[in-house]
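Labels run A, B, C and D following the written order; every chain starts at residue 1.
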């Protein structure tokens, strides 16, 4: 098959190029760029020299040449290409936020500043978090071309950490806090002050505190999972931070616990964790493991290990560690923001849509450095 | 005066050397080291060459030569020197945890693995967080030599962020979450795998989740401040992270809010912050500002700025920004872990004990890089 | 085939594990460690979890189980295993310096502090820089098991930059300067002060100036290539630096030029490069390109690009850019020190020895970050 | 006195602000900016909050308010302000390249693309490298207002490493190689791709190889020092590199040696350094030390230490280490590019011009991190 990428000159697009280049089912790539149309990909990314080369063409040419298309344009810029894909009868994996909110245009508009250009496209769209929606993606893809709204980076790490707490009835009610740190590639390739080396290296900075666009997306996922298991919908607070590293998102998630476990809170700050805490923690770990038993890209870490971004580098894994403290369940998730948080998950979605092995092209063993 | 430093070869000790070298009231330094006694400080720290030089002597020699001593030894290693100081009639600023818990030996023992060597020293000791205890330090120092238990790095950033929420009756009850990220210098100078460049650069890692020794110290401070204002004592959860930077601690603190403000929680994840949120936020910012009105080293940041470690680098400042989201008050504090989190605060304590201007020797304008 | 790794717990060993895991001809791995025998590889490297697992066994067990063995032990520690391999009739790719100097034991002893344990092993050994010795490796492997002395990281980048200048008669005589910067992984996994994050991040430091053990290895390669083309043997000066990055070696090499081109030197510092300089530079670039025409892992960069470590990350490429200034040819080479500088080149040698496609298992597209 | 800064919003300007804030003779600052006129300095640099504040005014207002002015504008943008200063009768320390070439307009034009706007200003200008020109600066300042052309960052580190080799007749003729690595702040505050975190962190990259504008400035300095001691003028080759750190320039300089020492070249790559090499090295170190005996900011390091940027951080020091290898003298110099390489040297020049203690305001002890 020929895979097309619209927006191949951005970081997520280039990561897609890299991943798809090694994908056994992909025989060729068609690369498009709006801003760099006419240039060659190996000039835009000289790291590709002698491996990947070719001109950046128009989105229309990409669609014409491809059997499936990835959209890696900014939110709000690509609905017409989605329509063209459907018209041609091919599927689109879209990395923008445009298809992440299904028919809830109101929420999308509130956070992204304008409504849908072509609302009816949502009849054929599905939110592409496989751990939430795998069956739905498959079913829709079985009956025709589909638009997959590929999840945001923060929502992926946050949602995967919260789901089992809802499903396994650990969550007791009360606010869930998501505190995340992202590598700088999350900001894309366009130079700006926040990502200028002297301004961001050797510093950790929160930004858009309580007001980041990924909050409603996390909320959407969590609400949906709560509904599935008939659980209360948790209020959410989300704080993203910029950390001086290239890749990775670490999310530390605080979930109030039920009953006996929750009752431990009074003790927390006074004495070190007791044997009892450890036992509860092991039980919860087991519940998390069983929830994700069949997931190819989720690793619930054994006791003694804490999730960290350095151990999922360049891979599609989401590492999860669970900890219990003061009646609060602390779940830590780590992903590579460019892989499971963007391009890798998009390839995973392609694999699901096309009926390929879900891990095809995503076999990279995490590099420690 | 002659200032002595026991443990001058460690990072906190060396930072003390640097700060005291520029202190107008300090005419000379006496430097001691247990492990490197006999070596010269400028060989241990060649960055000091031509500015600061001299042999590292024994702790006993330091005490004999000094008018005030700083202890920068590991916890549990220095009580006998504290006693010697008192016997000689000079004060000690101790950077270990040994004098941070006053007469609560039980808590100290539970977390540090052994009890006090000389319990009665606590009659002359005081916890040295000036923003909490300034008057007490002064009073005690007025009547004789004193041992100041210099605060831990995380407890400094965390406590300063929580205090006004208690004092100003913003805190509504429920668990307060402290999520912190520290630069690698926090781990000291002894090489170990966690601080080996390839293992920690380009990664963010939580550690000792819910079980870090600084938790009971934060708890102590918060309980004490709650008592002062007759507020409920908040249960605390604390997660430290290691971030790939040299200096700095960023703490993002989640505090459940009272009444009308707290009632906003249901809305949080659904719509972007409203004008109302901004108004509440401004009121809270004003309360924080007024609480710290007379503090020389606390900067409550104006609307639009978020605290980040890169802006307090090399200074004794604690930057604080306040944010409101989903009925939760999010307070972000940033300190330089080696200055306000260690050596700088120790100098501040010396200034208080000796009756100097509290900012003497701590005038460094933060370096952006 | 089963590939064995002795020394799998070190950085080079672990990188071998990662690369061989994806190698189509390798059906299984046997992992050995002297210091961590009995532990499991996925506990030593938790980034491997769910991808690669198994116990670390003794070197003897590795040899018994394998069809080819990689040695990743410190220099001087593995000759007996080399002998065991030969006795069993299997080849060894050795990453230490023990087989890099052929029968020149004197040079080895002068720099490594002791002589060969089993000198006669050198009858079956060959220096494994494919761009220098491919045919010899093939010939030897054709007639029985062979020991390949896998090159050092610095010598790889340096030698590849110098070879064409000798072969193409560009070098005019006089000292060749090799100025190199390495990422911190080059120092291995054992924590020590030089690689402690606060000591090496945000700093560039030369070390072992003019006295690094890789100097005689570069010298050996260069002398050999000079002999092949009957050119004068250049005196060499080599300065390694430590740079605050994980991977990569950049070598900036200064080569005095012949004749007309060399005569430009007087002008160099006075006026910007002329058109004539550019023409000469293009000619030299063409000579470099033609010299490496058939090499699968060497990329001679086009005009306008300068080699940098960030563009070969995680790949087996050696990027080369050539520049002309002041009668001096400046050649810049960039490799990933852990791949082309260690484990990748070892896999390349295995491929040559076993008659596989030379690029098998080394297809990774360089990651920009 | 009131010190003025034109261009206070750039990195060099802001570093000047920081340094002058602590300068005992400076009672006030007047801050100007062309691009950010009307904004406040503490908004442009929130790290200054509560320490330094005030509006950014026009260059004309700065000149009117000041007793001495610093110019921190791009090259070619500030000659008219220089003229205004002279007319007002006050001195200017100019950090651009406009006054670094004295009356050699031809060289300036060749490298900077246009000639002098007001050539006659050079009657009152002097190149401000104190170690080269201290007496001349003093003499000129004694007879009226002066324009000091503050040196470039690379030329400072390179020239200081070469001078003693000329003066002490160590240099034997032949090309001198200067290989330098700079921190990213050297590129200024304007975001661009080369300084975008994901593009430059974890990579070392040469740039403008053999064609950097600082080459003619190094050449100028070296020629002038050669003339002073009646030595041959060395041809120069200069390669700058970008390294992933904030501050610092490391220069590794290769100087061909005379006579007996130079004759060692043949041996270099064959055997480790001999006792004889060490003796010669010690003699050369002594010559370097004696040359800089009275310099307040130069530290010639003792045997066993190698200059590194991490040890001069935030200080005005230039560290120098000397090494001997293969008949080549290798001199390594390290400066903080923002201090001795820019703002610190400018303050040093102000001190000389005004007759203050030369080290006033520059007492910072280097921070190890």
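The rule we apply is simple: a residue touches a chain if its C-beta (ideal position, glycine included) is under 8 Å from a C-beta of that chain, and two chains touch if they have at least 3 such contacts.
The model shown is predicted, which means the values in this text are computed figures rather than measured ones.
S.K.: Taking contacts as defined above, which has more of them, B-C or B-D?
M.R.: B-D
S.K.: Can you name the chain that lies farthest from chain B, using the mean of each chain's Cα atoms as its centre?
M.R.: For chain B, the chain whose C-alpha mean is farthest off is C.
S.K.: With centres defined as the mean C-alpha position, give me the chain B-chain D separation in Å.
M.R.: Going by mean C-alpha positions, chain B sits 37 Å from chain D.
S.K.: Approximately how many whole Å separate the CA-defined centres of chain B and chain C?
M.R.: The separation of the two C-alpha centroids amounts to 47 Å.
S.K.: Please output the residue numbers of chain B that touch at least 2 other chains, ranges allowed.
M.R.: 11, 183, 185, 198, 200-202, 244, 246-247, 310-311, 313, 368-369
S.K.: For the complex, which residues does chain A have touching chain B?
M.R.: By the definition above, chain A touches chain B via 107, 110-111, 174-175, 177, 179, 181, 183, 198-207, 209-211, 215-216, 218-219, 235-239, 241, 243-248, 250, 252, 254, 256, 265-266, 268-273, 306-311, 313, 321, 323-328, 330, 332, 368-369.
S.K.: Under the definition above, what is the set of chain C residues touching chain B in their complex?
M.R.: Residues of chain C touching chain B: 11, 183-185, 189, 191-193, 195-198, 200-202, 244, 246.
S.K.: Quick check: in the complex, which residue numbers of chain A touch chain C?
M.R.: 11, 14, 18, 21-22, 45-52, 185, 202, 246-247, 299, 301, 305, 310-314, 317, 338, 363, 365-369
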